[in-house]
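Below are two complexes that have chain A in common, paired first with chain B and then with chain C.
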Partner chain A sequence: MKRPSFFRIFMNTGAWLVLAFLILPMLVVIPVSLTDTSYLAMPKEALSLRHYENYFSDARWLDATWQSFYIGVLTALSATVLGTVFSIGCWFLSSRASTIARWVLITPILVPPVVQSLGFYRFWVQLGLIDTVTGVVLAHTLLALPYVSISVFAALANLDRKIPQAARSLGASVPQTVWAVVVPAARPGILTGAVFAFIVSFDEIVGVLFITVRKVQTLPKMIWQGIQDNIDPTIAAVATLLVLATLVLMLAGSLRKT
Partner chain B sequence: MSEMPIQPLLHVREATKRYGEVRALDGVSLEIGDGEFLTLLGPSGSGKTTLLTAIAGFTELDAGSLTLGGTEITQMPPDKRDFGMVFQGYALFPTMTVAKNIAFPLKIRKWSRADIDRRVKECLALVQMEDYAERMPSQLSGGQQQRVALARALSFHPKVLLLDEPLSALDKKLRADLQWELKDLHRKIGVTFIYVTHDQEEALSMSDRIVILESGRIQQIGEPDELYAHPRTSFVADFLGKSNFFEVTVRGAGAGQVTCTAGEVEMQVQQRNGAAAPAAGRTARVALRPERVRLGPCGSERFSGTIRQHSYLGERSQVIVENEALGRVLVSCPTWKSQVELRQGQPISFGWDDDAPILLDDA
Partner chain C sequence: MTTTTIDPPAAAAARRGLSDRGWYWLFVAPALIAMVVFYIWPLVQIFGISFTEPEFGLGNYAALVESRPIQTSLVITFRVAAVTTLLCLVLGYMVSYAIYNAQHRMVGVMLALVLLPFWISVLIRSFAWIVLLGRSGVVNDSLIALGLIEKPIAMMHNEFGVVLAMVHVMLPFAVLPMMANMKGINRAYVDAARGLGASEFGAFWHVYLPQTKPGILSAALLVFVLSLGFYITPALLGGGRVLMISEYITYQIQELLRWGVGSMLSVTLLVMTAVVILAAARFVNLRKALLERG
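For the complex of A and B:
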């Protein structure tokens, strides 16, 4: 057997180190969540599930989870509908103006979240949307729109322009054409966009901190406040649960593919 | 074979379309007969596809009009025209099965379930694709996709079938087979076909009439044999088949025959039917088909020359013969009855019948 070269060893070690750097901080929360202490720390004498118990019995945590979930779903719905309509429209026009419109829609990704949140705050005050679910959904929809439009555009890039023409020549009106041949072609992009929109909303915190007070409590906001106020290890339990949920979803996804 | 269409179905009047400075269509007027197989033939950029998409309703004309059986359709959206269209690259709906593709126009027209099922079966049988109803388009070969596209475009009994280079993506052998089939299909269903191609063989073999377009203008319209035998311009003479061209001076005319001189050489030249006799002394251009030139052993024909180049093509040989007065002449002769050995530098004799050279309109 050939001895691995120095370069190979160097590269392999590097790769593993980077991987560890990426994953270890995430894994640290698992032992912490099982701690028997009442503050954030490694388990001292025994492993305990009491912080999980606390999460599942505390109405505030459950409410926040539920609120995050349905804000996420509403955001995904509205961003997906708007983003899809926008992208299909631009695809049909394919003019200079539509290219500019696409760039404008993508700017929320480029603007620093704090700046944007400040904008939301100023504007939402005038509209009376501060501390309302509508206000949060609206802000999250704006943040999620670029992701939806990018993924729908990517799906439509492969669509032969002659296909809608064929539908028209076969007697379909413009709405019928969109529904029968353009939307099915965009479907993978629409689904990806919806998932992205949900995720963007589910873990968004900066905007929520600016535009909510007490009535709207999302999960990220609860975690943030938990760290600030009392270093409650329930945070670690929640984090572990989220990591687990993500893992389950990813496994299910890769199993479906194979 | 129809002459001028007995019953015109579609009228194109003065159709004009500009893209910036380029005139894709420049005052094109055309009558298309009911049940006719009409081919729009031209090189790329000639405006043939623009004309077809204007008829389909996808290209808005800057000027001019379209009428279908007396009804103006210039402004009518494509889905209301009831024209079937077969696209280059087929444009089948990738998310639908073959049967669903064919049923699509029928569903749009709100046919009953039973009628749709029956018609889809009929159409599949028409293009011999009965066994493929439940396949997805991506599982079919190019030729099969072509058939499905054809069945889909015909399923709703369109008034006109528009075909945009439908065979261009197929290999040569399959193309030849499908040419026979298309012609057969046209005869069987009797629908008007408007066919766009840049392939002259396709045009010659299938069409009732051919429209030759160049730079957005119609160069000549006619039946295939008429166009081939009597091209009006050098463009037509060279695009449909090949031609040798001679610049000549007219000496005298009578009874469809014109006497001309090309330099020192005097020759008899054919005139198109109905063309006015040219004035003596006028300069003109004459086309001569390579296959009308005969080659023979030295002294057997009128002109003598030397073989400059030859290429063997199987059934035919192409030979370039050089003569002092006429310059280089392209000859295409059948290989099986060649009486002379074709070798570069070989002296040879060549000539043609008096009805072979054709007088062209453009000088």
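For the complex of A and C:
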């Protein structure tokens, strides 16, 4: 073994420092959520669960969590169905026109959030969708479509075109072929897309700030308003719960893969 | 299988009703129509508003030349986006390089650590920075407790705090395209250069780095475009003092109800974004960077 060079040590140390910069700051919400003070600070004299108690006993926080959850599920459902069918159609067509259609579908990734939210607001006023769950689900579905269509299309890249052709020449109709041959092949991409769609919706804030008023309260909106008005440590408790949930889901995901 | 027995004449009849391509377009239509009607059309309306409110003409656009606050905001936007992009490239490169060239067992851990922040919302991550950097935040409190400083240092509500938190949010977006690029690079060239007597740094600089240019450029494009229109983190950590253009637009609309100016700035931001993307198209494979990213 050669002695590691200065260059290699430099790059490796740098990488670990950067990773520490990525992870450690987020962990600060954990001790702060356990503070015994009524303002944001590290615990002073003892650890306390009162901010968790506050979250679990406050109807506004719980309602917001529930609303975020079911808006996320509805968004994941609609975006996954629309995006999957779209990508399958584009995969079969694979023409110039269908490539343009795919570009149209990913515009929400590139348009700044505030700009699209202004658009939503003006149009939703005309449609009477302001401050409704339908309005939020519709907006979130559009924002999630790029992720679903990209991941489904990526999954289809490995599918041999001869297989659906064989199904067709054996007499299966187009819908039958899609259902029995293409959808199973795209399943990993569909699942990834659905998870992405849920997370896009669950985390979305700028659109919600523009198109909802008082009736629709989502978790990100509660956190946003909490930060703006009075930063109370309940937000830290919520943040900790979300970080822990993410960790658990990530671990579960990586265990399933191995 | 009995359930999938197909009666050829019936299938043929179904086909006579709609050609194969007809079916495929039928699949494409719902999502495409939804996107055009509920997403593109509202953007077109914003475009229209910028020329018609409060009165018809180019009046709103005159503000781009006349209004000092707007010009300041545009300059801040570009500066913050540029600095963020530069820092993300340098820091992200080190991580991607270590992951693909370290040849040790920690690679899996490093990969997981890069991906983790992706799944945690930007709002939560910005909140964590507020907890850290605030006047009586964790950093200031600790420094005072240690006796290193007497008065809290202003670490947020200024460009420092905004850029710090933005780099944190944008880093994974820089790392992913660079990793995708490095994955496909053959070490043989670097090894050859080393065998011919180049130092490790020399081989990196003259042989490896040029091969990673496509990854660096797509990372730069992605981070810069996302930073230009970023709202959440600058709004929370800037505290109204680092008015990037997205926050300026929101302020015009929500506080002043000046839809004309707000729409005009939205169109400006959209055009700037488009110009950056089209300019980048000469150097970056947009298809790979955007349409086909895994």
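Rule of thumb we're sticking to: the second predicted complex is superposed on the first by the 253 of 258 C-alpha atoms of A that agree within 3 Å, B and C clash if a C-alpha of one lies under 4 Å from a C-alpha of the other, contacts with A are read in each partner's own complex, and residues count from 1 in each chain.
Just so it is clear, a residue touches a chain if its C-beta (ideal position, glycine included) is under 8 Å from a C-beta of that chain, and two chains touch if they have at least 3 such contacts.
This one's a predicted model, so the numbers in the text were calculated from it and none came from an experiment.
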Ask   = Which holds for A:Ser98: it touches chain B only (first), chain C only (second), both, or neither?
value = second
Exercise. Please indicate which partner A:Leu142 is in contact with in the superposed arrangement: first for chain B, second for chain C, both, or neither.
Key: second
Contacts for A:Gln165 in the overlay, against chain B (first) and chain C (second): which applies, first, second, both or neither? first
Winner on chain A touched-residue count between chain B and chain C: chain C
After the superposition on A, what does A:Ile109 contact: first (chain B), second (chain C), both or neither?
second
Worksheet item: Thinking of the overlay built on chain A, is A:Pro184 touched by chain B (first), by chain C (second), by both, or by neither?
Response: first
Checklist entry - If you stack the two complexes on chain A, which partner ends up touching A:Ser173: first (chain B), second (chain C), both, or neither? => result both
Residues on chain A touched by both chain B and chain C 168, 170-173, 176, 180
Within their complex, chain A touches chain C through residues 5, 7-8, 11-12, 14-16, 18-19, 21-23, 25-26, 28-29, 32, 40-42, 82-83, 85-86, 88-90, 92-93, 98-99, 101-116, 118-120, 122-123, 138-139, 141-142, 145, 149-151, 153-154, 168, 170-176, 178, 180, 199, 202-203, 205-206, 220, 223-224, 227, 231, 235-236, 239, 242-243, 246-247, 249-250, 254
Residue set of chain A touching chain B in the complex reads 160, 162-163, 165-173, 176, 180-181, 184-185
The residues of chain C that touch chain A in their complex are 4, 6, 8, 11, 14-15, 18, 20-21, 23-32, 34-36, 38-43, 45-46, 49, 91-92, 94-95, 97-99, 101-102, 110, 112-117, 119-125, 127-132, 134, 136-138, 141, 168, 171-172, 199-201, 204, 225, 228-232, 236, 246, 249-250, 253, 262-263, 266, 269-270, 273, 277, 290-294
Chain B residues touching chain A in their complex are 56-58, 77-79, 81-85, 87-89, 91-95, 104-105, 108-109, 152-153, 156, 162
